[in-house]
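Letters A, B, C and D mark the chains as written, and numbering starts fresh at 1 in each.
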Amino acid sequence: MVTPGGDAPGMNAAIRAVTRIAHSRGLQIIGFERGWDGLLTNRHQHLTPRSVGGIIQLGGTMLHTSRCPEFKRPENVKRAAEILAANKVDGLVVIGGDGSFKGALDLSRESSTLMVGIPATIDNDVYGTDETIGFDTAVNTAVASIDKIRDTAISHERIFIVEVMGRQRGFLALEVGLSVGAEVILIPEHECAIDQVVEVLKRNAQKGKRAGIIVAAEGVGDTRKIAEEIAKKTDFEVRLSIVGYAQRGGSPTARSRLLASLFAEKAVDLLVQGQGNRVVGLQNGVVTSVELKETCEKEKPLDLRLLELAEMLSI
Amino acid sequence: MVTPGGDAPGMNAAIRAVTRIAHSRGLQIIGFERGWDGLLTNRHQHLTPRSVGGIIQLGGTMLHTSRCPEFKRPENVKRAAEILAANKVDGLVVIGGDGSFKGALDLSRESSTLMVGIPATIDNDVYGTDETIGFDTAVNTAVASIDKIRDTAISHERIFIVEVMGRQRGFLALEVGLSVGAEVILIPEHECAIDQVVEVLKRNAQKGKRAGIIVAAEGVGDTRKIAEEIAKKTDFEVRLSIVGYAQRGGSPTARSRLLASLFAEKAVDLLVQGQGNRVVGLQNGVVTSVELKETCEKEKPLDLRLLELAEMLSI
Amino acid sequence: MVTPGGDAPGMNAAIRAVTRIAHSRGLQIIGFERGWDGLLTNRHQHLTPRSVGGIIQLGGTMLHTSRCPEFKRPENVKRAAEILAANKVDGLVVIGGDGSFKGALDLSRESSTLMVGIPATIDNDVYGTDETIGFDTAVNTAVASIDKIRDTAISHERIFIVEVMGRQRGFLALEVGLSVGAEVILIPEHECAIDQVVEVLKRNAQKGKRAGIIVAAEGVGDTRKIAEEIAKKTDFEVRLSIVGYAQRGGSPTARSRLLASLFAEKAVDLLVQGQGNRVVGLQNGVVTSVELKETCEKEKPLDLRLLELAEMLSI
Amino acid sequence: MVTPGGDAPGMNAAIRAVTRIAHSRGLQIIGFERGWDGLLTNRHQHLTPRSVGGIIQLGGTMLHTSRCPEFKRPENVKRAAEILAANKVDGLVVIGGDGSFKGALDLSRESSTLMVGIPATIDNDVYGTDETIGFDTAVNTAVASIDKIRDTAISHERIFIVEVMGRQRGFLALEVGLSVGAEVILIPEHECAIDQVVEVLKRNAQKGKRAGIIVAAEGVGDTRKIAEEIAKKTDFEVRLSIVGYAQRGGSPTARSRLLASLFAEKAVDLLVQGQGNRVVGLQNGVVTSVELKETCEKEKPLDLRLLELAEMLSI
């Protein structure tokens, strides 16, 4: 097992589940530490049902992680493949997001070890799964934060722009926006001119609604500028709040933990069946898997109908 | 709209969504207060996009609810039908669980008003939907509570039996048990003798795991007795904790709010299309609907494979 | 160090603080495991600034605890004193409540080791300190739980009796009751006949307030019976909810952590100054200490004026 | 009553308590809306025990607030005094922070209405009270957020600078820093060169502690620059997170609610006794009051010994 890339709540639950399920199928499990770096330096620990006890509720990853740009160099990928072989690793479970899976794909070309990906990222931007481990937790963390901000927004009759994570995508912002009843949701997948935003806010004010929450994905650009422009074009007090790294941590929600367990079971199943180069996922409520290559190459579509629904609900 | 039966987190989000979506389709909306009782006494309020503002994050139901056993009497059902007619109600959205839908079915036989059900109950025991509004919130409330209890369980090396809600079913207990990594999960759908529980606990103790969490559905019977029997048959300190009514309230999770919005949209769609006597639901990730009669008559199956998974994960 | 008796949130913060402060003063620290039992069996671990890292936010106690009735026997107290001597323990920091301090007092009579107590119990029933470690956390846990129950109470217009912990005392119930705006607070320190409770509820109903929260300390007796009697004497629906063991665990609040650090500093100061047989505490905002014997013999008074305030606030 | 200035969690609990206590003493209560603005425009509502029901647990202020720079002009202060007289207001309870009290002091010079201040601000920077309403809530909100960030800090072995509120003072940052076990705490009251910070981080790294949390008060200046400078002078990955406006909202903690009730009682007591131009407060555990003028002119001291304690605890 290895957890390269950014951490996400539920990764520990996945490590626990992979370890215990694999153990119950008679397999031995090692965990490389600090992501690809631990694979390159052969730093690993043996994982047993006991050693992964008491972690299901913890955020972060007990295997640690780190950025490892050098892993992209071909000679290092080869070296990693050699270390896998030296450790007699039959299957490698890679828990992470897009970047982690691209690394796994590169590695698969040099190694005979079976690669299976488990999608875990708060951004939910992995092709082949409707939901990633950690997404539900991040949504709820942002929602809880914005529920608090709303108190101030209403008390002061102010407009708040709240920036949430999501990298280049709007999955997180869209679900958060719907859940908090945002007046406006700004996501990279749907262009929205400042003037349109201003119009919505003015229309609301005429209806007596002078407080407002705008949820913006980090991918839409400089939210500070957006806040300033809106303030310039209206007489509203506009404030910016960035939810930030708290979204990446914290105790996973039940759903993130459950997804971790279900994905882990599927991942071990695939390995036991000798199927590699796949990424497990949830599609229409069913745990399934797609090709690793497909996940790396395709872009996950965002359901823009939810944006329309959000608009209808914020009248 | 009416919210008979027990409250569930997300009901207010559903009331808000039905009102605003129906309003945007040109409909007028009234809400009967205190469940069937308000329908019998014609106590209702007009609902507008503004009057349902600021409630998306609140637990409970702004329309209130109450037990109304007299609604079961035929003459009262008839009276309710007359009141619907007198108010020129074309469609009635019933937000609740099994009991509420049975009332709606009775009413549908006397009334030409279209009935559409929105499943909202923490028990998740409604046929025709994989998930009900409020379920995810209740699961997370119970999980948060048990995460705290685990601190004491581990510090004292004790066994805790934690009783969660769910009426006669084990949906809540099963998902909670999986999420907290329970050593044992007791649900009505799967018989489990005390001796089996004792054996698991003893085996764990031999492995050095003297603390343990047993999650029990309220439907399995007297948990106090179960605790006493386990204590008698082992040398463990056994404690009982009942999560209780907190599971029914609280601010809904993002998922409960989202489900409320999606179900509301579907319910209004059905009514606008002239389709009545249906209950909306989520099936394999898709929002759909089933016949009201079917929901009332069929029992929702529980996936016992999850119990096996939980067992494998608690080694 | 040793943590006998029940666990309380913030104990780990206290263990960390004692260890690091003592270390910075050049002392060596060992922690006996599982309470008095670990002292009797000489099971201990060396504690270093690193070994207590990452625990400030965790509930429970990393040293574990257990009931140890045999510690009350004189020969065992002597044995414990011998083990302290054998380990060359100059000072013993006892983190716990009344029971733990009584054990320390017994031990002090047989041992030349300096004893210093740090009050940590959710019950807040330790003489000599206005507040104990863990109390603020338990209050907030109960308050959060009752805030959720209120949703259901209001939606159903029901009366809820919520039982909170506190052993034979009402500190927890009183502060919880004030914080949730309870209609009635029942504590052992103030007798209150059922008829008085009934009268308050009826008067409230006349004012249009049919929902209500009664917060009851576990020390007032069988809350199930109280619920039944109230139901019998009124036409209210009455429900009982027991907050239970979750109050004992969970991540400590800022205040419980801060108190742990302040108490730890004082405890180490006393030991360095050669002062033993004392219990640290907070009195009128100042960290101070009292004689161990005094703490064991005197009963902490409860400010009944707060009960009057609560009454005035629940009109 | 009036709530000028920024909102703080517990303000609603204070409004409720003032209203109910004053009512029980036979007084009539009105609340001016939107801060000083509502006083200038005579926009107010009658407050009764019922109209302040169900708000004890809500963040924000039901009376709303707004910035009102025009209140500083002498003619407007006179006008406000006239409106107080016209409404026959014998006593005005001003709930807020420093700015609000300065307004009250100006007003007191033109008006015979008795002024009593209740300190409510998350910044805790009001002279004459050890703690303000809302402070404990803000501390806990920031602590909960940083507890999540720590997961990522440890998993990635990164340094996080977390900026918390507090305006020009370090009360919030200091208590938050102590509670999360921050490696470094930066506050305006204690100069700390970047090089010192770098030295601490390097020393920690040598001890094997490569992750770290730096809690910085907003008053110390541009935290983005601080993060960049630290990154430049070390090989650490440094990230910045700003907790932001969530600290100002949310359901008040038990302590913030309790303080609100105690302060309200004292404020009404003062008015009933005919004592004006005072600000209530908590001093060494006792509810008391100081002169309004004193509060406006003096600066509240910060206990720098806590900073030393924090340093000793972060080894």
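A few remarks follow.
We take it that contacts are C-beta pairs under 8 Å (C-beta built on N, C-alpha and C of every residue); 3 or more make two chains touch, one makes a residue touch a chain.
Here the structure is a predicted model, which is why all the values come from computation and not from measurement.
Two copies of one chain, chain A and chain B, touch each other, and the residues they use overlap strongly: the shared fraction of interface numbers exceeds half.
Ranking all chains by how far their C-alpha centres lie from the centre of chain A, first place goes to C. Rounded to whole angstrom units, the spacing between the C-alpha centres of chain A and chain B is 28. Centre-to-centre separation of chain B and chain D, using mean CA positions: 40 Å. Inter-chain spacing, taken between the CA centroids of chain A and chain D, is 35 Å. Within chain D, contacts with two or more other chains are made by residues 147, 150, 154. Going by the touch rule set out above, the chain pairs that meet are A-B, A-D, B-C, C-D.
Of all the residues in chain C, the ones that touch chain B in their complex are 6-7, 9, 34, 58-61, 64-67, 141, 145-152, 154-157, 160, 237, 239, 241-250.
Taken in their complex, chain B has these residues touching chain A: 16-17, 20-21, 23-24, 49-50, 53-54, 56-57, 130, 136, 139-140, 143, 147, 150, 154, 175-176, 178-181, 207-209, 251, 253-255, 257-258, 261-262, 265, 283-286, 309, 312-313, 315.
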